[in-house]
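Please read through the structure below; I'll follow up with questions.
Order of writing sets the chain letters: A, B, C, D, E and F. Residues in each chain are counted from 1.
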Amino acid sequence: MSITEIVLRLHANSYYFFAILLFIIGFHTMLTHNNLIKKVIGMNIMDMAIFLFFVAIGYVRGGRSPILEPGVNHAFINPLPSALILTGIVVAVSVTAYALSLIIKLYKHYGTIDAEEIMRIRGGGSL
Amino acid sequence: MRKLLVLFFLAVIMVVMVATVVEMPTIGDPANVTNNEVPRRYVEDSLRETGALNVIASILTDYRAFDTLGEATVLFVAIAAVLSNLKAH
Amino acid sequence: MEDIIVRYVSRFILPFVQLYGLYIVLHGHLSPGGGFSGGAIIGASMILYALSFNLAEGSKKLSHDVSSILESTGALIFAGMGLISILLGANFLANGAAGFPLGTPGNLFSGGSIAIITFGVGIKVASTMATLFYSLIEEEHSHEHH
Amino acid sequence: MQFLGSFLPVWIVMFPMVMTVVIYYVEQRSEKMRNALAVATSVVTFLSVLALYPGVMAGKIIEFELFQILPNLAVSFRVDILSFSLALLSSFIWMLVAIYSIDYMCKEHGCNRYYPVLIITLASCMGIFMAGDLFTLFVFFEMMSLISYVLVVHEETIEALRAGYKYLIMTIIGGLALFFGIIITFELGGSVSLSNPVPLISEPSTLAFFAFISFLIGFGMKAGMFPLHVWLPDAHPVAPSPASALLSGIMLKTGAYGLLRVIFHVYGIEFMQETGWTVILAVVAVITILLGSAVAITQDNLKRRLAYSSVGQMGYILLGISILNERALMGNIFHIFSHAFMKSTLFLAAGAIILKTGKKNIKDLGGIGRQMPFTMFAFTLAALSMIGIPPFNGFLSKWTLSLGAMDAGVPFYVLILLISSLLNGLYYLPIIIAAFFGEEQGEGHKHEFVKINEAPYKMLIPIAILAVSCLLFGLLPSNLPFDLSRVAAEYLLRGGF
Amino acid sequence: MNFSQHLPALIVVVPLLFAFVMPLLARWRKQWCVPVTLGAIIFSFAAALQMAFQVMSTGPFSYYMGDWPPPWGIELGIDYLAAFAALTINGVGLLIIWFGSKDLLHELKPEVLGWYYTLYLLLMASMVGIVITNDIFNMFVFLEICAIASCGIISIKESRDCIEAAFKYLVLSVLGSGAFLLAVALLYMVTGHLNFTFMAEALPEAMVLYPNNLLVAMGLLVVGLGVKAALFPLHVWLPDAHSSAPSPSSAVLSALVIKVYAVAMIRLLYLVFPRELLGIAPVMEMILWMSTLAIIIGSMFAIVQDDIKKMLAYSSIAQIGYVFLGVGLMSESALVGGILHIFNHATMKSMLFLAAGAFIYGTGARKLSELKGIGHTMPIPTIAFCIGAFSMVGIPITSGFISKWYLALGALDVGRPFFTAVILISSLLNGIYYLPIVVNAFFSKPEEAVPAPKQLPREMLVPLALLSFGVILFGVYPSLILGIVYRAAQLLLGL
Amino acid sequence: MIDVLKYLILFFLVFCAVFVARTKDMLSAVIIFAAYSLMMAILWLLLAAPDIAITEAAIGAGVTTLLLVAAVSKTRREE
């Protein structure tokens, strides 16, 4: 496969490509940043990227959003991924809220939200 | 050192994933395998079967309502976890 | 957050936001949106209320008792509809098969259990969002360690 | 009656187990009752084993399957002549030890633990000898090994705990090796039953060889085979003397018993002769003999010397197994009997000495023979038998073994036996000479008249019985153990059926 | 209306319903919390039992949520493995919370007790949901509930270690869920289905067209679930999380939660992916080596621990390795061993953690060196601990032996005695760290005089006794559950 | 035209994601994240999925941001 072909494929699948890119960036933020809130934001970025990926699967060229009008016929997009992602978004916000409550408590106990400092205070281990 | 390692690791993932992306079915192609009998029935029959205009609402609260119950439960579990965590300390 | 303009504007705008949220919840089966988005809008409006006035007053509007009742009710409505389907002789969470009236498509009162479930979800999401925010921010009042 | 006969093995195993629980509950009320029950249990067990005699001597094999744990894997019992011989021997010695314990243990702490453990070890020992398949054998083997740990650490001193830890780890290694062997046997043979009409493994393969090595490790560990004997000299001295007598006299033999079963039932005699794997056994047995005897000389602690002597003597038994002909096997089985009698006598006598004088080291034992003539006389009888001096049973077994070695055309083994006897003499005779003719240690006693200070009669009687048997079974040309050994050897060579 | 036909739904929904009510009860009717929790789990247990009988007599069956047939609606599939796992979860979970009803009183603040029961019920419901669902996205939702609830029952304890451990666990769980969701997306993209059966039907064709997609999805699934199940290099969160939590939480996390992810992985790998794909991809081989490392290194780490709960946690890493060893070997016996070990380890490890909890409750001692002579002052928990330890080592007549037997046999069946040796070596390592505790408990004396321990209430002793009885019972009479395990393995392998 | 808009938004998303990681001020990170969420919502509108777009705008950009702000206000603002 030549470079041009690859670029064309990536253009055709640009949502997938960018979703993967965002996923990697979010993952990177989550792994390398010591600030716990940054970790949580990275986690959200990662989740959103996956959602974008999922929504892109459901897209159909020329399709409309699946709100029916009785008696009218259109091409619609695939509604299933949208329905799934709604669930996903709520899951992400729940996890975020819980993670943030843990961070607030960690700050109260350790006086910092830096993972390395917390590790230093605890002595040993890694987050 | 650790950062480099992470970068390398992520680069490997990226390359693998891009190689996969190149192979994936094209976005929006109506011939894709995902546009099978499943969304067809949702779009064509949901009006008759559930009486809702919004297909996504009918999927969420009827065809796959159990997922949505799970979703409500996720919210509930988040509340329980947050409140218990905050109250305990 | 003691700004008088903010307060005034909020007081003026919040009812509309809440009404909009309620609309989205109730028309979940007819137009884009539904229990989750509408509930989140209502929840966000309650959070905004708390931010623009003050927390004590915000909490007064949504005391712990009320919020926990709302949450449990929302979830119970959902699960209860499922059990009612069983009682009606169909499988769990069945709608048309359990004999709920599907009504005329396009009407507000259509879609059988969908509207009720959406409403339950709306209550649940709204109170959950508000409670999550309150409980995160309320920390201050109970603990003054740092 | 038929049913009763086949149920008897189960009874023999289950009865002591049930009695363990009873004893555990009784001992909170009355110590006398506890002692009586313990002795009674061992006596009843002995008599029950004896009741098998007519059937077994008539060549009958009693089989009884209790229940299946997994498909093709059952807890089952099977009594043939070999099982019977060893069960009879063990229950007999157990009975004597139980009687001996009454007076010996009364000064010790933790009797409430000692008696139930003693009885349940008896049950598991019976289970090993009467197991109908390798799995049952394994279960009871592990049970006995783990429970006897409690006997080893009974004193709860630092060195007891340390020795116990070593014992425990070695036991687990042995158990796992056995597990490996058994599972390979199961995989290759589809069953681990001992009543299979043909040997379970018929073709030599790498896996079969692994299994053989595992069995060798597992059973050899218990039998004190050379590189794996390290736990033995530590564990035997720290245990209370009656327990040492059982450990040395009986429990070491379970390892030899297991090896016999494996060689004859799992592989079969032709298989062993073709592959020549027994050479490994022979080599380690020779090393074990020489090493055990040589190291024993250097030991000063009496029980430790006896323990090393046990290592050497187990070497004879392993050597007998490796030769694989009738007279060697006969000598080997008879040596199991002889060694049980001799070593129990020695340990019980040593226990009596420790109880009365508190002396544990050989250099302190000068003149003890004048103080405790009866005990030391028994000790002497057993020690002479150990060396292999003619009218004793030790001589008879060594003689038969040597004949077997000559039959197999390896006079080298005879030489080894002779050297070892010499070494035995080197470490037993000084004790005896010092005991009867040596100077008593300590300043104050030098010119005083020695007071006879024997152990209580409940301890003396078992010692006496055992010592006399050493003599008796050597003197009489046709005695029960010798007959049993002969029949058992023939039976095994016939293929076990 | 046939009530028993709705059991697959009710077994999940009833605990959920009671969990929804629980905060209200905790506010106004405190004394009802425990009975309601127990009642809900007893109901689920009975339902699981009934389902197990049903599946054994009439074969696997499924339940259509909302009366929508599979590709459109969500299907709950009750096969042998699902029924078996549901039974294990509810049975062991019941005993743990029974024990916890007293133990938690002294570990937690009174005002969070109600939340604990809420989280516990949600956890039970989600675990059952994970194992019985036949829909991959539904599984994801339950995975998330399970992840948050299991973090919640750690962070509920008033200790900063718990918060830290819960955060670490949460972050890694979310990573795992993310990987899982991405895998779902990749699979959905090439098959167009979310239902296991339909995916499995569509996969052979998809394998020809998009092999990379499937391989990546498979890798993501293994990593995503592997993180949650603490498969070896991904286990970093486990020791802290399992050792700092309240004892009932440790028990349920170690005994059930990580197993549930293993069950999920077994179901996905064996039911969804075609044989041929498992053949080309080195996934099974990878799992095999990861589990081997887990078994050896987990045990090694456990040896050097001084804290009893930390030691048990490291031991769990090794034990989950056994389960995955059974999965990776792909022979009938090995799979039977692996699945059986899910149950056996659940009983043993919950017993060990509860016994450790009892020691902490009675004496406050967590260090192994402080447990000397505990056998004389707290006999029943110590005996339970002994039985659990023996079972861990794999001494016959305990249930641990049976699963090791099958695993070892399975390794021999596929002609790889090396793995049999691994199992044996790890048994030895288990012996090295478990047996000294047992020995010290009975034969050592504490260095200084310790005050007499608190007497344990009956609610704590009975579950311990029942679990020890179970370990022995299933060691002596494994046929009780072996039937269903055999069928499960045969179904998964397509025999 | 649509393609240009699409790439614009996609690059903006990447830009936001990178900047969240780079910025030292937590509050701005949260704000950038809100922008990221909103852009994502618009992208989903492009993909003809208004339901999730609304939800994302309300939950992702609204509630999550508020929660993050709350958390930042309870802890430190600088990284």
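Quick note on the criterion: a contact is a pair of C-beta atoms (placed from the backbone, for glycine too) under 8 Å apart; a residue touches a chain by one contact, two chains touch by 3 or more.
What you are looking at is a predicted structure, and each value in this text was computed from that prediction instead of being measured.
A.B. asks: Taking each chain's centre as the mean of its Cα atoms, which chain lies farthest from subunit E?
C.D. replies: Centroid comparison gives D as the farthest chain from subunit E.
A.B. asks: By mean C-alpha position, what chain is farthest away from subunit C?
C.D. replies: Looking at centroid distances, D is the chain farthest away.
A.B. asks: Have a look at C-E versus B-C and report the one with more C-beta pairs in contact.
C.D. replies: Of B-C and C-E, more C-beta pairs in contact link B-C.
A.B. asks: Would you identify the chain whose C-alpha centroid lies closest to the centroid of all protein C-alpha atoms displayed?
C.D. replies: If one averages C-alpha positions chain by chain, the most central is E.
A.B. asks: Counting only Cα atoms for the centres, state how far subunit B is from subunit F in Å.
C.D. replies: For subunit B versus subunit F, the centre distance works out to 19 Å.
A.B. asks: Distance from the CA centroid of subunit D to that of subunit E, rounded to the nearest Å?
C.D. replies: It comes to 45 Å between the two C-alpha centres.
A.B. asks: So how far apart, in whole Å, are subunit A and subunit F when each is placed at the average of its C-alpha atoms?
C.D. replies: The computed centroid separation for subunit A versus subunit F comes out at 11 Å.
A.B. asks: Return the residues of subunit B touching two or more other chains; collapse runs of consecutive numbers into ranges.
C.D. replies: 17, 24, 32, 34-35, 38, 42, 47, 53-54, 56-57, 60, 62, 64-71, 73-78, 81-83, 85-86, 89
A.B. asks: Show the residues in subunit A shared as contacts by 2 or more other chains, in ascending order.
C.D. replies: Residue numbers touching two or more other chains: 14-15, 21, 23, 27-28, 56-59, 63, 65, 67-68, 70, 80-82, 84, 86-87, 89-91, 93-95, 97-98, 100-105, 107-109.
A.B. asks: Could you list the positions in subunit F whose residues touch two or more of the other chains?
C.D. replies: 50-51, 55, 59, 63, 67, 70-71, 74
A.B. asks: Which bits of subunit C are touching subunit A when the two form their complex?
C.D. replies: Against subunit A, subunit C makes touches at 30-32, 34, 36, 105-106, 125, 132, 135-136, 139, 143, 145-146.
A.B. asks: In the complex, go through subunit B and note every residue touching subunit C.
C.D. replies: 47, 49-54, 56-58, 60-62, 65-66, 68-69, 71-73, 75-76, 78-79, 82-83, 86
A.B. asks: Would you mind writing out the residues of subunit A in touch with subunit B in their complex?
C.D. replies: These residues of subunit A touch subunit B: 1, 6, 9-10, 12-17, 20-21, 23-24, 27-28, 31-32, 56-61, 63, 66-70, 75-76, 78-84, 86-87, 90-91, 93-95, 97-98, 101-102, 104-105, 108-109.
A.B. asks: Which residues of subunit C touch subunit B in the complex?
C.D. replies: Touching subunit B: residues 28-32, 34-36, 71, 74-75, 78-79, 82, 92-93, 95-96, 102-106, 110-114, 117-118, 120-121, 124-125, 128, 131-132, 135-136, 138-139 of subunit C.
A.B. asks: Contact residues on subunit A for subunit E in the complex?
C.D. replies: For this pair, the touching residues of subunit A are 23, 27, 30, 36, 39, 43, 46-47, 50, 53-54, 57, 80-81, 84, 87-88, 91, 94-95, 98-99, 102-103, 105-106, 109-110, 118, 122, 125-127.
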